[in-house]
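There are two complexes below, and they share chain A, which is joined by chain B in the first and by chain C in the second.
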Partner chain A sequence: MNHITLIWIIAEKDLRIEYRSRQQAFLTTLFFALLILVIFIFAFDPGSRATRDASPGILWVALLFPGVIQLNRSFQTEIEEGTLCGMILSPVDRGVLFLGKLVANWIFLVIIDLLILLAFVIFFNFAFSSQLLWIVLLIVLASVGITGVGTIFAAMVSSIHTREVLLPILLFPILVPIILAALSGTQEILLREQMQSLNRSIQLLVGFDVIFLAAGFLLFEYVVGD
Partner chain B sequence: MSWEIEHILTRSAARYLRITGWLLIPLYFLMVLALYGAFLYAPTEKVMGEVQRIFYFHVGAAWNAFLAFFGVFLGGLAYLITRKQWWDHLAAASAEIGVVFTTIVLTTGPIWAKPVWNTWWPWGDPRVMTTMVLWLIYIAYLILRSSLPEGEKKYRYCAVFGIIGFLDVPIVWFSIRWWRTIHPLVITGTGEQLEPEMIHALVVSVITFTVLYLSLLMLRMAMRLNSSVAEEVGQRLLEERVERV
Partner chain C sequence: MPAQSHPLLRLSQITKTFGTIRAVWNLDLEVYPGDFLAIFGPNGAGKTTLLRIIASLTQPTSGRIEFSQKNSSQNRQQVGYVSHQSLLYNELTGFENLLFYARLYGIGNAQDRADEMLAKMGLEQAGDQLVREYSRGMKQRLTLARALLHEPQLLLLDEPYTGLDQHGSRLFTQVLEGLKEEGRTVLLITHNLGEGLALCTRAVIQHRGVLVFQAARQEFEKSEFEKLYFRAVEPGARSQEPGARSQESGVRSQESESRIEKSESRSQNREVGDQRS
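Showing the complex of A and B:
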C-alpha cells in the first residue's frame, strides 16, 4: 500500500467513528460556536459600524475556540479505547500516522468552520457574494497550520487530565502568526473595497502552513515514541 | 538508579553550586559598575530625561530572556538527540529564568513608555507584541512541565514544545511587523543616536546580565539535580521500610 492510501485509511477511521457516534460531539462543538456568536451579538450592537469593523475578529474567535475542542477529541477516544498503542504497533511510519490524524482533524475543522461562517454571514448581515470564497480559502489554509501544530499538541496533552485547558494555552500563542495572517486577510475581504494585500495574507498563510506542517511531521515521532 | 549514580549527581550539583559561588564575585563588581554606568556615567537623555536610564536594565533583561529561551531550544534539541536528562535540566532551568526576565522586560517597558510614548502598552509595536507572545509561550511551557508526571515522556514533550516555541519566535516577529504596516502607526521611529557613554553603560549592563544568567542557571541546575536525588532517595527509603515490614 502506498502512503496516500495509508493516510486515508487512518483519516477515514476517525471520520467513521465520528459519523457512527451520531455526530454528537460534532454537533455540540457547532452549537458552542453558535453560542459564541450569539454572545458577541449581545455584547455589541449588531447594526453599528463599530461591530462591523470588529466582525473579522469575532469570526476568528468563533472559529478558533470550537476548533480547539475538536482537536482535543482527536486523541481522547484513542486513549480511552487504548487504540493508540495498536496504531503505533502497526507497521506504519510515524509520519504517515501523523498525516492521517491531521487529515481527519483538518476535514472536521473545515466542515465546522464553514458552518460557522454561514451562521456568521447571516447574523452579521453580510452579502452572499463571490468574495466569501476568499474567506473560505483563508479558512482552508489556516486550518492546515492549526491542525499541523494542533495534532501534535493534542497527542501531547491527551494523557493529562487538564487537557481541555492545556491545549488552548499551548496552541494559541504558537498560532499567533496564522491568526494574524488570516485575520488581516478577512478584514481585507469584509471591510475594504479594494483588496491589495490579500495576496500577501494568502502567501504568508501558505508559508506558515509549510513551516508548521514540517515541524509537526518531524517532531511527531518524538511524541508517540513509546 | 544506584547509590553511586546518586553520589555522582550530588557531587555535580555541589560543583554547580561552587561555580555559582565563583561567578558571584565578578557579578558583584559588574553590578556595581553597571549601576554606576547607568546612573552616573551615562549622560541624561535630552528629550526623555531620567526615565531613559531604565533602558540599560530593560535591554539587559531582554538579552537575558533571549539567551535563556535559546537555552530552552538548545536543551530540548540536545535532549531529543542524546536522551541525557542533563539537557532537560538545562532547558527547564533556562525556561524559568527566561520567564522571570521577560516579566522584567514587560514591566520596565511600560514604565518608560508611559512618559515617552504616552501609552503603557503600544500594541502596534512588533517588539512589544513579540515579547508578549514569547512570555505566553514560555509560561505555557512551564505549565506543560508542571502538568506532566516526572519521567522520560515529560522531557520529550517539553523538548518538542520548546523547539516549536523557539522556531515560532521569528515567525511571530515577522507576522506582527507585516500586520502592523496596514494599521495606523502608533509609534513613529525612535531611532535617536546614542552617546558613546550610553553605549559603554549598555555594554557593561549586558555583560552583567549575562553573568547573572549563568549564575542563576548554575544555581537552578544544582537545585534540580539535588531535588531529583532527594526524590529518588526518599522513594528508596520508603520501599526499604515497606520491605522490612
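Showing the complex of A and C:
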C-alpha cells in the first residue's frame, strides 16, 4: 500500500473519531475562539482606528489558542487505550504515522479557523471581498506549520499529566516565525491597499512549513520510539 | 522444545534499566516455532518490559534480539501483541477497528479478513457495535483478533486475563486453546498459574528481571510448580542458602531444584562480574 493511501487511512480514522466523539469538543473550541473575539469587541471600540490596527493580531490570537486545544486532544485518545502503541506496532513507517495524524489535525484546524475568520469579518465589520481569499491562503499555509510542530510536540507531551499547560509553553516559542509571517501578511491584506510584502510572507510560510514538516517526519520515530 | 528447528526468536544477554532500576537483567531466552511459553512472575519482575522489548516497543539497554527475519519492520510484521490496554478505538465499531489495523498491516482483502476474525472470535453479531459498548470479555477477544489479523508468527500476550470474569476467562482460554492446537507460537504473561500451566508447553519464572526457572511443561507437576514458584519469588529467596531449601522441599524434584539454583547462581555471577567490571 502506498504512503499516500496509508496517510489517508490514518487521517480518515481520526476524522471519523472526531466526528463521532468530539462534536462537543469542536463546538467548545469554536465557542472559545468566538469568546476571544467578543472580549476584544467589548475591550475596544469596534469602529475606532486603534481597533482596526489591532485586528490582525486579534484574529491570530483567536486562531492560535483554540488550535492548541485541538492539538492536545489529538493524542489523548491514542494514549487512553494505547492505540498509539497499536499503530507503532504495525509495519507502517513512523513518518507516515506522523503525516496521517498531521493531515487530520490540519483539516480540523482549517475548518475551525475558517469559521473563526467568518465570525471575525462579521464582528469587526470588514467587507466580504476577494482579498479575504488571501487570508484564507495564509490560514491554510500557517496551519500546516502549526500542526507540523504541534503534532510532534503533542506526541511528546501526550503521556505527561501537565500536557495542557506544557504544550503551549513548548509550542509558541517555536511558532514565532510562522505567527510573525502570518501576522505581517494579514496586516498587508486588511490594512493596506497595496500588498507589496505579501509575497514575502507567503514565501516565509511555505519555507517554514517545509522545514517543520521535514523535521516532524524525521523526528517522530524518536519521539514515539521508547 | 523442538530441537530440530531453529529458534523463531533468540534473546541474548538482554538488559533493560530505567535509571537505577533493573527491569530485565542479562536475560537469555529462545522461543521455538510452536512453543506456548508461559512467563510467570510477581509484579515488577520485568515481564511486561521483556514483552515490550520483543515487540520492538522498547529498546534494550544492552543485549541482542534475533528474529528469524532481520529487518525491523518485518519483525513488527511477525509479532502480534496483546497488552494491558486494548489498543482499540472506543469510538470505532469492532469491524472498523479491525479494518483499520488490517489496512495498516497491508492485508489484501482487509474487509474479508476483518469479517473472518470477528467470526473466529464469536463477535460477528457485535461487529457494527461501537467498542465502547463492548463488555470487557468482548473487548479482550477483539483485542486478540486485532493481534492475529496479520497472521503473526509470534503472539505476545501480556496478562490477557486481567479484568475478565470467570465466563470471560473460560471463553478466552478456549480461544487460546484453539491457537495452541493451530500450532501458533505464543508468549503468555500471566499471574494465573492454573490457566497458564494448563495452556503452556514450557514455563518460565521471571523474578527481579532474571529468569530463575525454565522447563518444559511435562517435566513437572502443577503442585510442584506452585511450590517452586512461591519459593522462587518470595522476598529474599535468592539470598537463602541452597541447603536450607532442599531440606524443606519434599515435593520439588531435584532436577527442578538444581535448575532454579543454576539460573540464580548464573545471574548472581553475572551481577558480581558486572560490579567488578
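Rule of thumb we're sticking to: the second predicted complex is superposed on the first by the 225 of 226 C-alpha atoms of A that agree within 3 Å, B and C clash if a C-alpha of one lies under 4 Å from a C-alpha of the other, contacts with A are read in each partner's own complex, and residues count from 1 in each chain.
Criterion: a contact is a pair of C-beta atoms (placed from the backbone, for glycine too) under 8 Å apart; a residue touches a chain by one contact, two chains touch by 3 or more.
What you are looking at is a predicted structure, and each value in this text was computed from that prediction instead of being measured.
Colleague: Examine A:Ser184 and indicate which partner it touches, taking first as chain B and second as chain C; both and neither are also allowed.
Modeller: A:Ser184: touches chain B, not chain C.
Colleague: Touch check for A:Ile88: first (chain B), second (chain C), both, or neither?
Modeller: After superposing on A, A:Ile88 lies in contact with chain C but is clear of chain B.
Colleague: In the overlaid three-chain picture, which partner chain does A:Pro173 touch, first (chain B) or second (chain C), both, or neither?
Modeller: first
Colleague: Tell me which partner A:Ile152 touches in the superposition: chain B (first), chain C (second), both or neither.
Modeller: In the superposition, A:Ile152 contacts chain B only.
Colleague: Looking at A:Thr77, would you say it contacts chain B, chain C, both, or neither? Reply first, second, both or neither.
Modeller: second
Colleague: Let me test your reading of the model: by the given contact rule, A:Arg16 touches which partner, first (chain B), second (chain C), both or neither?
Modeller: After superposing on A, A:Arg16 lies in contact with chain C but is clear of chain B.
Colleague: For A:Leu6, is the partner it touches chain B (first), chain C (second), both, or none of the two (neither)?
Modeller: Touch partner of A:Leu6: chain C, not chain B.
Colleague: Quick check on my understanding: which residues of chain A belong to both its chain B contact set and its chain C contact set?
Modeller: 225-226
Colleague: Which stretch or stretches of chain A touch chain B in the complex?
Modeller: 149, 152-153, 156-157, 160, 162, 166, 169-170, 172-174, 176-177, 180-181, 184, 197, 200, 204, 208, 211, 215, 219, 222-223, 225-226
Colleague: Any idea which chain C residues touch chain A in the complex?
Modeller: These residues of chain C touch chain A: 55-59, 73-74, 76-77, 79, 81, 83-92, 96, 100-101, 103-106, 130, 146.
Colleague: Chain C touches which residues of chain A in the complex?
Modeller: Within the complex, chain A contacts chain C at residues 1, 6, 9-10, 13, 16-17, 20-21, 77, 80-83, 85-93, 225-226.
Colleague: In the complex formed with chain A, which residues of chain B make contact?
Modeller: Touch residues, chain B against chain A: 80, 133, 136-137, 140, 143-144, 147-148, 152-153, 156-157, 159-161, 163-165, 167-168, 171-172, 174-176, 178-179, 182.
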